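Each of the next two complexes has chain A plus one other chain: chain B in the first, chain C in the second.
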Partner chain A sequence: MKRWWQRSALAENELFVSSLSSVLAIVIGLLFGFLLMVVVSPSESIQGFRIILTGGFNDGLLSVGSMIVFATPLIFTGLSVAFAYRTGLFNIGASGQLMMGALAATAVGVPQWWRYEGELRIAMDNPFLQLGSWHWVAALLAALLAGALWGLIPGVLKAYFNVNEVVATIMLNYIAMFVNSLVITRYLFNSLIGRAFSVVPTALFPRMGMENIFTDGLRSSQANVSFFIAIFFVIVIYFVLNYTVFGYELKAVGFNRDAARYAGMNAKRNLMLSMMISGGLAGMGGASLYLFAGRNLDPVLQILPQGFDGIAIALLGLGSPIGVFFAGMFFSSLKVGGQFLQLLSFRIEIIDIIISVVIYLAALSLILNRLVLYVLKREKQ
Partner chain B sequence: METIIEMRGIRKAFPGVVANDNINLVVAPGEIHAILGENGAGKSTLMSILFGLYKADRGEIFLRGEPVSIDNPNDATRLGIGMVHQHFKLVHNFTVTENIVLGQEDRANGLIQLEEAKQKIIALSDQYGLKVNPDSLIEDISVGMQQRVEILKMLYRDADILIFDEPTAVLTPQEVQELINVMRELSNEGKTIILITHKLHEIKSIADRVTVLRKGAQVAVLDVATSSIADMAEAMVGRPVVFDLQKAESTPGDVVLSVRGLSVYSPVYKKNVVNDMTFDVRRGEILCIAGVEGNGQTQLIEAIAGLTESQGEVWLLGENISDDSIRERNLKGISHIPEDRHKHGLVLDFKLSNNLILQNYFEPPMQRRMMLNFSNINEFSASLIERFDVRSGKGIHTNTRSMSGGNQQKAIIAREVIRDTDLLIAVQPTRGLDVGAIEYIHQQLIAQRDQGKAVLMVSLELDEVLSVSDRILVMFEGNHMGEFDAATVSDSELGVAMAGGNR
Partner chain C sequence: MEVLYFILQLALASSVPLALVAFGALFAERSGVINIAMEGIMVMGAFVAAAMIVVMEGLGVPAQWIVVAALAIGLVVGAVYSLLHAFASINMKANQIISATALNLFAPAFAIFMARTYSPDGTRQIILGQNYKITAVPVLSDIPFLGPILFQQAFLSTYVGIVFFILSYIVLFKTRFGLRLRACGENPSAADSVGINIYKMRYAGVVISGAFAGMGGVIFLLSFATTFSATVNGFGFLAIAVLIFGQWKPRRILVAAAFFGLMRVVASAYEVIPFLNTLGVPRQVYSIIPYAATLVVLAFVSKHSAAPRAAGQPYDAGKR
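Up next, the complex of A and B:
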């Protein structure tokens, strides 16, 4: 005797089964967090759990705005990793590409650069200032290009020298970190704040009146157009992968390089293009992380974590652009919610623990997948 | 009758297809029991159930009279069942010994003890005449030896029920003979053998009984001694099969493919694996490259198709295409049924329709303004699987990986034949196909020829070479050993040339 859900076509639908395993990962992660809160402070645990679930909606539209701001770079890097993955590449270097993008965007956006004559440091005007209201577009494009170039390097190495892209992208994360630090301290440094110069207002992402929506009357969030640009690229990538000749080729090369070559595709070119696109997406993530007021690039030697979060988000989003969008929003909601946890006696690290559990489970999604299938298909004797 | 295996009322359904429907398989101890059926009839599925890879939807399994439940391959191993799969499952950068003991390692102080294992392997390999080198890496040894490793793996685990899924499809005729001897030896030792094969003469020469499946159902259990090859074929296909290929005299026309002094250098062997080959293929003829496996046929075809670098010239329809890309060659008129269907022929993770457009996805009407035109793609794919009888669970939406081996091959043939190019290259086109499908493919190749196409075929099967081709070119160690008229050449003449004699 089969149960209704076992008889239904749903059990045969791969997308449904794997989505269910992502949802399961999230649910188990959340329950684990709840358990932790019960242990730490039983009396506040229910309230704390409610805060986590409410996430980005805790403080009305203001926190919704923060959630959007926080989600944008994550959606870009998640998209970057997912796109590479769908075309058979494992891009661990989204962080490096994002940092190069952030650097390029900042370089285009700051009011002045330093140049050197011997030992002498001289200020010079940033020529991009003349772009006026198009300034931010130039900064975004610079980020896109820088990320794409940073992605192209491992692409070339793999296509022509058969260097594994995982190794190459990891190394390039470190190189990006040092390049960032060097360029900032030498050419873009504002010694008053110990960071890069602030980006001029024309280079900031336009807020399109969102400051009047995502506000609590006193303060307003930094929500800006970059969120919509991210959504635009989610749609573009979805479209390219599923409906175009180009996407068909990329996937064929990704799944089986030999068969793609046999069918006359240029596997090398496709591979490099694919890494470039992936890098460009992460690069724009870098722009979305810095092109708003109050953010300055820091020359500390640190690899920005957003690229690695992108791996988790791509995993949780099942490698699909639409999935990445929701996974990015979910992560961001948790992070924003976590800040409100501090109102109680909880530490914000609980959120990181929950996120880690969710990531681990998502990585183990194969096992969860089996579990879901088992329940769906098990026959009652 | 005493039985060792009894599968009763086995049913297994996949989305859109019932792979096994109420199958009753009864095998006596020490028997060699063959399973015969068309591509996609459900043979591999039935054996996967016995080996614990799939769980049957319904039915029971009895071993040595006891009901058992086999949930995974470990259960099967414990119950003394071993299986050699249609596509081998070996770790390529492990040695032979490591592969054999994998999962059954002897540990002492936490360290794996390989020496004893090696002695046991050597003993087993002597006992059954299974020649292997225990220290070689899998990636360095021939397909035939890999298969012997798979067999040793079963014996090492003391299996006494041995399942072989199409073991001979990948072997050279000599290796097939050796394998048959090994199976006889195993059977004499009291092992029970289940053999899946499409080659009826193999069943005739070695099996005791044969269970025949058709489209998931069991249609007959025959005694091999009292059944003819024609009987078995008819039971399997459901109609009499014509083994004699009808074909008219060939009327060769203009030269389509002209190969001039072609050589392929192999950095691995540090010599030319194709050496100064010169030959023509004309319209209206089938030229077959014959030879023992590994004498340069693979590299020769890859050089013509542009997949590998080469010296010398390739001319197509009077044009030198030696420097053209693969795509350019394809467009100028080459279709190619590749030797390795999983490496080159298919993107296994694509659905069937996406594989059927692998050669024309970039051309209208499959594409419009660089966008895939799904309604045309679906219509085109559906017409191909209809015309070439490609069977699968969900039609054009089937995941290619889940298709049976023979139907994967048919999909490739459909895609390449339909392209209607001047030159059709077919490398081992019928490997893994059932007799009905082989008959159909052979007719297709001859039909292509009769439409004025040039056909270049590579085959290891002498029967196929002699019955399909018009002209035969023998290769030995990369060299051209002479050309023969298929109608008049004798087996022994070919045999001598294939062994490298009388150049």
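Up next, the complex of A and C:
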């Protein structure tokens, strides 16, 4: 009789094997970072490594709050990529969808817009200001819609024109970057700070008293309700994927489009819905990245990295929403740790290096799985 | 006329590296491996070359030699860096998009990290001491019309790019090696059955793509930037758009590169073009055109895709 904790039984448990190889990828990535620190500054390397591992707990509750703030967009983009992946699509465009979401949220949230009469630039009040305390909900919904629309484009292209979604979403990332720059500089630009206008207080995510929890007495973190919205969507997506006919159909289409069609499912519609949901999730990530005090959208031509981090998070979370939550928290902890790392002679980019190594290793899941299996199946001599 | 020459000179400077990098990606895809890591490889090549250029400038190496050495460094660095992608996608049968994404993320992070760690003032920029432009090539620059476009205000690196482009065309389409490489991307099982080593050929394809991307990164650096700040401004992804827009065919790739290069120039310098300046279209619109055009072309042609049939699929001898 095999017991579940026996090694041979564990080796047959796919979830256990792939979880272990995820952990292995993270451990090797961290060791690579450590090695780099040893090369750069041997005397500080141990201390630096401890800071990375401690991550979001370096500065008590204040940094736990920062960890929550950093994690929210990562959970959204991770969820976005994971959802697409589970339904057979590779959404490498979460960054673009996130940027469109951030733009829409900002456009709804700012106090005024610029309009043009010929060459003349005239200020006009933002009509959304009248929403009062519902303002932030409108901004979040706008982000959701913008992201969903940006996801719909590759969805339509794939459903009706057979365009590979990887290539389409790469192009759309760049288009989103230029659209952002265009709309910010023309319609939302505050020339005093060289960025978009600040979002009005009613459009910021409510902090629900968390400023009194995640604080060190002097400063308090920007932790806000968006974290719980992210958790809410983790649960929703988990149920949709695992317990609903709708989710089953989406997965079936991803698994075998023709078979799903013969079974009577509307493959085209399901495919477009998958991309829209994925895009919408990333779009909300954009809102969570900008709807708090002290953040202004920047017209700089740069693709925001959160979408690419989302790929890593979805991979390490094994495509499961619950896994995405934990992977997102872990990545966020790394990023917060990176900020404390700057107190030593290390640069914050070491975190991005670690993350890219982890992604590379996740791509090598085959060899990691084999390694785990080898260790588990080895008989005691 | 001055403006026209100015535009065409700049367009040439953009188009040549675009065509070269797109052709590099063509080698990889024709061998059966999708390489969207071109952007990251360009950054890596440009970064190492930039660091070495600063060192060589300090040693007082003559400018022409610096250019040649920098291109060689970019080529080697790109080839070596792309080995990571080759190993993952050929030996490990990894997801090629994920592996390439990792390379794309690693390169700028590594470049910024190293620059900030080792530069004296902790900035991410690497500042080149001089501009590597040729004011005029003797004799040739006096040819009417073509002279000013091709041989004035040009870059030595552009000419090297053109030479490599022609060489690679010959290798891929006129030699036995090229035929075998293309066979691996179309029908690897058939290629294997006549004794071609699929793995070796695919390694060759990816490494050549990496070498070209690395060199393309250096050409980008020497032509457009006197400071390197860990980015090639999406040039690598634009090159992949060129490849797709050109439908994996060399002549169309050239046309696509010329068009995309021109659009880049229009976006960055439309104020000096009197006709466009009066139109009042924002510069970002011109920047969007190449990407949007690629999507439109894809929509029209993807039903009967011209992409190499086995591109992106790991080779599994057991499936034969």
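Quick note on the criterion: the second predicted complex is superposed on the first by the 370 of 381 C-alpha atoms of A that agree within 3 Å, B and C clash if a C-alpha of one lies under 4 Å from a C-alpha of the other, contacts with A are read in each partner's own complex, and residues count from 1 in each chain.
Basically, contacts are C-beta pairs under 8 Å (C-beta built on N, C-alpha and C of every residue); 3 or more make two chains touch, one makes a residue touch a chain.
Small disclaimer: the values here were computed from a predicted structure and weren't measured.
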item	value
Overlay on chain A: chain C relative to chain B, clash or fit	clash
Chain A: partner with more touched residues, chain B or chain C	C
Partner chain in contact with A:Y248 - chain B first, chain C second, else both or neither	first
Partner chain in contact with A:Y262 - chain B first, chain C second, else both or neither	first
First, second, both or neither for A:V40, with chain B first and chain C second	second
First, second, both or neither for A:I355, with chain B first and chain C second	second
Touching partner for A:T106 - first (chain B), second (chain C), both, neither	neither
Partner chain(s) touched by A:I92 [first = chain B, second = chain C, both, neither]	second
When the two complexes are fitted on chain A, the stretch of chain B hitting chain C, from 76-84, 94-102 or 436-444	94-102
Contact residues of chain A, present in both the chain B and the chain C interface	none
List of chain A residues in touch with chain B within their complex	12, 243-246, 248-249, 251-252, 255-256, 258-266, 379
Residues of chain A touching chain C in the complex	36, 40, 90, 92, 153, 157, 161-164, 166-168, 170-172, 174-175, 178-179, 181-182, 185-186, 301, 303, 305, 308, 311, 315, 345-347, 349-350, 352-353, 355-357, 359-360, 362-367
Contact set on chain B toward chain A in their complex	15, 57, 305, 307, 325-331, 336, 338, 343-350, 354, 358-359, 361-362, 367, 370-372
List of chain C residues in touch with chain A within their complex	36, 84, 88, 92-95, 97-99, 101-106, 108-110, 112-113, 116-117, 233-234, 237-238, 240-241, 244, 282, 284-285, 287-288, 291-292, 294-295, 298-300, 302-303, 305
